[in-house]
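Two complexes come next, and they have one chain in common, chain A, joined by chain B in the first and chain C in the second.
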Partner chain A sequence: MTHLLDIRDLHLAFKGLSGLTEVLHGIDLSIAAGERVALVGESGSGKSVTARIVLGLLQEMRNARVTGRVAFDGADVMTMAQKDRAALRGTEMSMIFQDPTSSLNPTFTIGNQFAEVMRRRDPKLDQAACDARATEMLTEVSIPDPGRVLANYPFQLSGGMNQRVMIAMALVNNPKLLLADEPGTALDVSVQAQTLRLMHDLVEKHHTAVLFISHNLGVVREFADRVYVIYRGRIVETGPTDAIFHSPGHAYTRALMDAVPRITGAGLPAVPEVSDDFLAPMVRHDGGAS
Partner chain B sequence: MTLLSVQNLTKTFQTPSGPVHAVRDVSFEVERGECLAVVGESGSGKTTLANMILGILGATSGEIRFDGATLPAKRGPVHRRAIQFVQQNPLSALNPKRNIGASVRLGLDTYAIGPRADRWLKVEEALEEVGLPREMRQRAPSSLSGGQRQRVGIARALACEPELVVLDEPTSALDVLVQARVLRLLNDLRARKKLTYVFITHDLAVVRNVADRVAVFKAGQLVELGRTEQIFSAPEHPYTRSLIGAVPVVDDAELELRNKLAEGT
Partner chain C sequence: MSSVFRILLRRLAISVIVLIGVSMLIFAIARIIPGDPARIALGPNANADQIASLRTEMHLDEPIIAQYGYFVADVMRGNLGQSLYTNRPVTVDIAEFLPATLELVIFAGILMVGLGLPLGILAARHRGRWPDHLVRVGTLLTVSAPSFVWAVILMLLFAFYLPLFPVAGRLTDSYEIARVTGFLTVDTLLAGNFSAFVDALHHLVLPSIALALSGIGQAARLTRANMIETYDKPYIEMAQAFGFYPTRIARRYAFKPSLIPSLTIIGLDFAAMLGNAFLVEAVFAWPGLSRYGVAVILRKDLNAIMGTVLVIALTFLVVNILVDLLIAFLNPRIRHSTRASS
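Now for the complex of A and B:
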């Protein structure tokens, strides 16, 4: 099985006031073409930084030290020239950032930002062609009034509207890999379900692979083929989505599953003490595409 | 006793492409010590409502009363301290030039809360309560994960010892274990200090487990308001039913309840 994305023994450390702090301690993760893979786990455990390394963003940061292997579509992202990495972003791979202000520029209208993204793929597109295609994409993510939104600046839109704009923008160039960091958090559940279904259909149609980062395990269960669970910079469990949800093997995964609040209303889940079992070796369920 | 009262509140934004009716004639009351959840469509005016309660945005028309008196458009320090905000987008809510500790401390200094010599300790305790290490005080906001920033926003609001806290998606970037811890902290404080919450969220499972009452918004209007048990056992408005029908669930008991409510039987 060849992988579209293959990460091996990835380490990351930040230089800070008190010397080097390692935040990723050897991550292995791979995604096949067209596969939907979720990365779930503790807040601060290293999900967003992993995605930013795949995009080549942390390799360019002065106080970050990255080692290991990251192969994308046969090319080595770690040793690639900076300009080649930049050329991949927004075309072959795109990212929906967790924080909308890192994706959307506050000083340009949504219409201008769409055009800029589309011209990365095809520099000759004129504004009318860009607007037409952007309107089509915004309609697909159920933005009710795309004309108004294209003329607006991000601050004039609600949190969820900005998120849908980012999803539409990330998919407009048909990337091979979509890195989606908490793409549905600001959406109401109906729009979220609809947006994720759409994302699901689009990635299926275009054979786009997705690394899906989310704290919403219900959404993960519906969206992903396979799941990686991360705790404090280490993958603690991996396997097909069904296996992770029906027979979680690692103590951390089980604690996580038990803590999901339920609409049946049993009250707030009890919070277990952090246990040494959370640091137990990785549990691997076989099966799935990779 | 009513702490917050919103009467016929309306907000219309004028934009080059025409007026946007973000909040339309909304009225409700919140009791002291109560947790009112505000849920609803994306873009239905929830954040706009929060901004008006905080005095960040002026209302087009209508009135907001707090503790029996009308809130002025321009708020003095007493109200600014008493009504705290945990914002939806944690990065834009934190000053990038201040480290985390200084951001949390700012409110303590501004409102002269506690003796000066104790304030750093109070900052560290506030961070620890939301599950962040004390050393995080030194760090820049840009070096924090999404969920870490979100918890800084909560710590900062709570450190000001408010009476009312408006929380706009306060736990959307937290894993469910950390979320449970933060929600328990919020519950404890509410019981101990009689805090009042307006809790805006899309997470209906969280709402089910923390709120006393639920307000459902759609297109700028309040379409249903009721006790939590009632909303989750017999939702009346079709929009409320469609919302509950779309909740992502993880177990079969939830699935059954969801399907039952969505059908309206």
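Now for the complex of A and C:
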């Protein structure tokens, strides 16, 4: 089966004063068209940098060394020219971020920012066409009174509204791949749940593939078809969501699951910082697309 | 836009209060300085009767509060009194000397914004690489010497050792230009005399660079610092994730938010140029307000001192109001917060 995104043996190292520090030690990950895949791990495990490599942002950093193969839609993101990588961003793939309010520029209106994003795809679009399409998109993410929202600045809207705006903006150009980096972690839990459900429905409708990055297994279970668990720059377990949740094979996955707070539980479980079990070989659950 | 209008009204009201305060302060100070203005004006050969009659004519015998009352009444009628130094109305004197100073300050301001901001953007975009280092060292040099020192250095280098520019004055004497606005760059064009226009610009180069240098450095360093801070904001990463070109991100997404905090300081720097202009004018024998101001202070010409200080204070306030309006225009947060609070 062909993959929309296919990552093979991805290594990342940062050049520092004390030489190279390797952050990713050979990641293999693939996403089929229209598939929702989650990459789960604690902070510092390498999930966000993986998304930024897919976008081609880290390749442009002077102190980053990236090796491996990242194929997107048949083309190798690693070897293509910087200009071609930039051309993919915002059109074929887009990204939504953790904190919606600070991810939107405070000095431009929502309508203005929408238009800029749409002109990435079609530079000749006039303001009226942009506004019409943006209104349509905002209605899709259940924003009441889209006309007013388009004239507003991000600081005039609530965090939940901005989150929806960002989802709409990321999907307005009909990208093939959406990278969601801990979306809505800055929001409260109920608003986060609402917007995630909305995002779930939208990507299903538009057949958009998603790489969903999170530290929260509870959220992932609701959202993803398939899960990769990442620990210290290595994939430690992968498989269909149900399989991983029913029979977590790797010690780290089990620890991560225990770390999801429950109302009925007895306080926070003690997850060890490092454990020899966490370094056990990768567990692969078969089934699903991979 | 009505909220910007509201900001304007509030700032105007504050400005009137500031002007009243400045006038009281200067009025008192000018009269506390030792020396009898009437005696100085009439010269050493005047007799006691003549001096006494001039003192009465100037209301100098009356209490200082009453004198201030006469002054305010005159100002309300647009009359700043008679200068004892030039024997002309102070308003006429100021109208003659102020345009030269304003022309110098405005050109220096254009240089400050036109060079300082792009240099700051350049340094921030290439942070840690050679353009950044060059800008940082260069601007440190320009901000660390006051403008009159730069005036002397520039004059020595580019007018004396390398005679590229004129040493002093505003225009070569051979040109006869009809005075309309008092701004020579404008008047020469109005007269249709292009070579005189070039000559006026030629005279402006060194003084306005000397005046602008520290401002250019200040503006560049400020813009660089604010831009670098903005580059760390999530919305810049978002712009990168949406594939916008680095130049577009720098000029649009990063520049606008970082201009807002820089602008207040740049505005203050611009207004401070008025003060520095006095020193630069002295070095380049520029026939501006400084020459007049220093002469009237030495002669204790009360009306002329008051007039000069008031005009400078007024210019300061106008610049500040303009900067505030510009910030309100650029920063939607200010525009919308005033609407909510008033």
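What we mean here is this: the second predicted complex is superposed on the first by the 269 of 290 C-alpha atoms of A that agree within 3 Å, B and C clash if a C-alpha of one lies under 4 Å from a C-alpha of the other, contacts with A are read in each partner's own complex, and residues count from 1 in each chain.
Operating definition for what follows: a residue touches a chain if its C-beta (ideal position, glycine included) is under 8 Å from a C-beta of that chain, and two chains touch if they have at least 3 such contacts.
Treat the numbers as computed from the prediction; the structure is a model and nothing was measured.
In the superposed model, A:L217 lies in contact with chain B only, and not with chain C. Contact with both chain B and chain C is seen for A:Q156 once the two complexes are overlaid on the shared chain. More residues of chain A lie in contact with B than with the other chain of the pair chain B and chain C.
When the two structures are aligned on the shared chain, A:R148 is found in touch with chain B, with no touch to chain C.
When the two structures are aligned on the shared chain, A:D99 is found in touch with chain B and with chain C. In the superposition on chain A, A:L57 makes contact with chain C only, not with chain B.
Shared-chain residue A:L88: touches chain C; no touch with chain B. Touched by chain B in one complex and by chain C in the other are residues 98-99, 102, 156 of chain A. Remark: chain A residues 14, 16-18, 40-44, 47-48, 98-102, 144, 147-148, 151-152, 156-161, 164, 181-182, 185-193, 215-219, 221-222, 245, 255-257, 259-272 touch chain B in the complex.
The touching residues of chain A, counted against chain C in their complex, run 55, 57, 86-91, 94-95, 97-99, 102-109, 116-117, 120, 153, 155-156, 179. Looking at the complex, you find that chain B touches chain A at residues 13, 15-18, 20, 39-44, 47, 88-92, 135, 138-139, 143-148, 151, 169, 172-181, 183-184, 187, 202-206, 208-210, 228-229, 232, 242-244, 246-251, 253-254, 257-258. Taken together, the chain C residues at the contact with chain A in this complex read 233-235, 237-245, 253, 256-257, 260, 330-333, 336.
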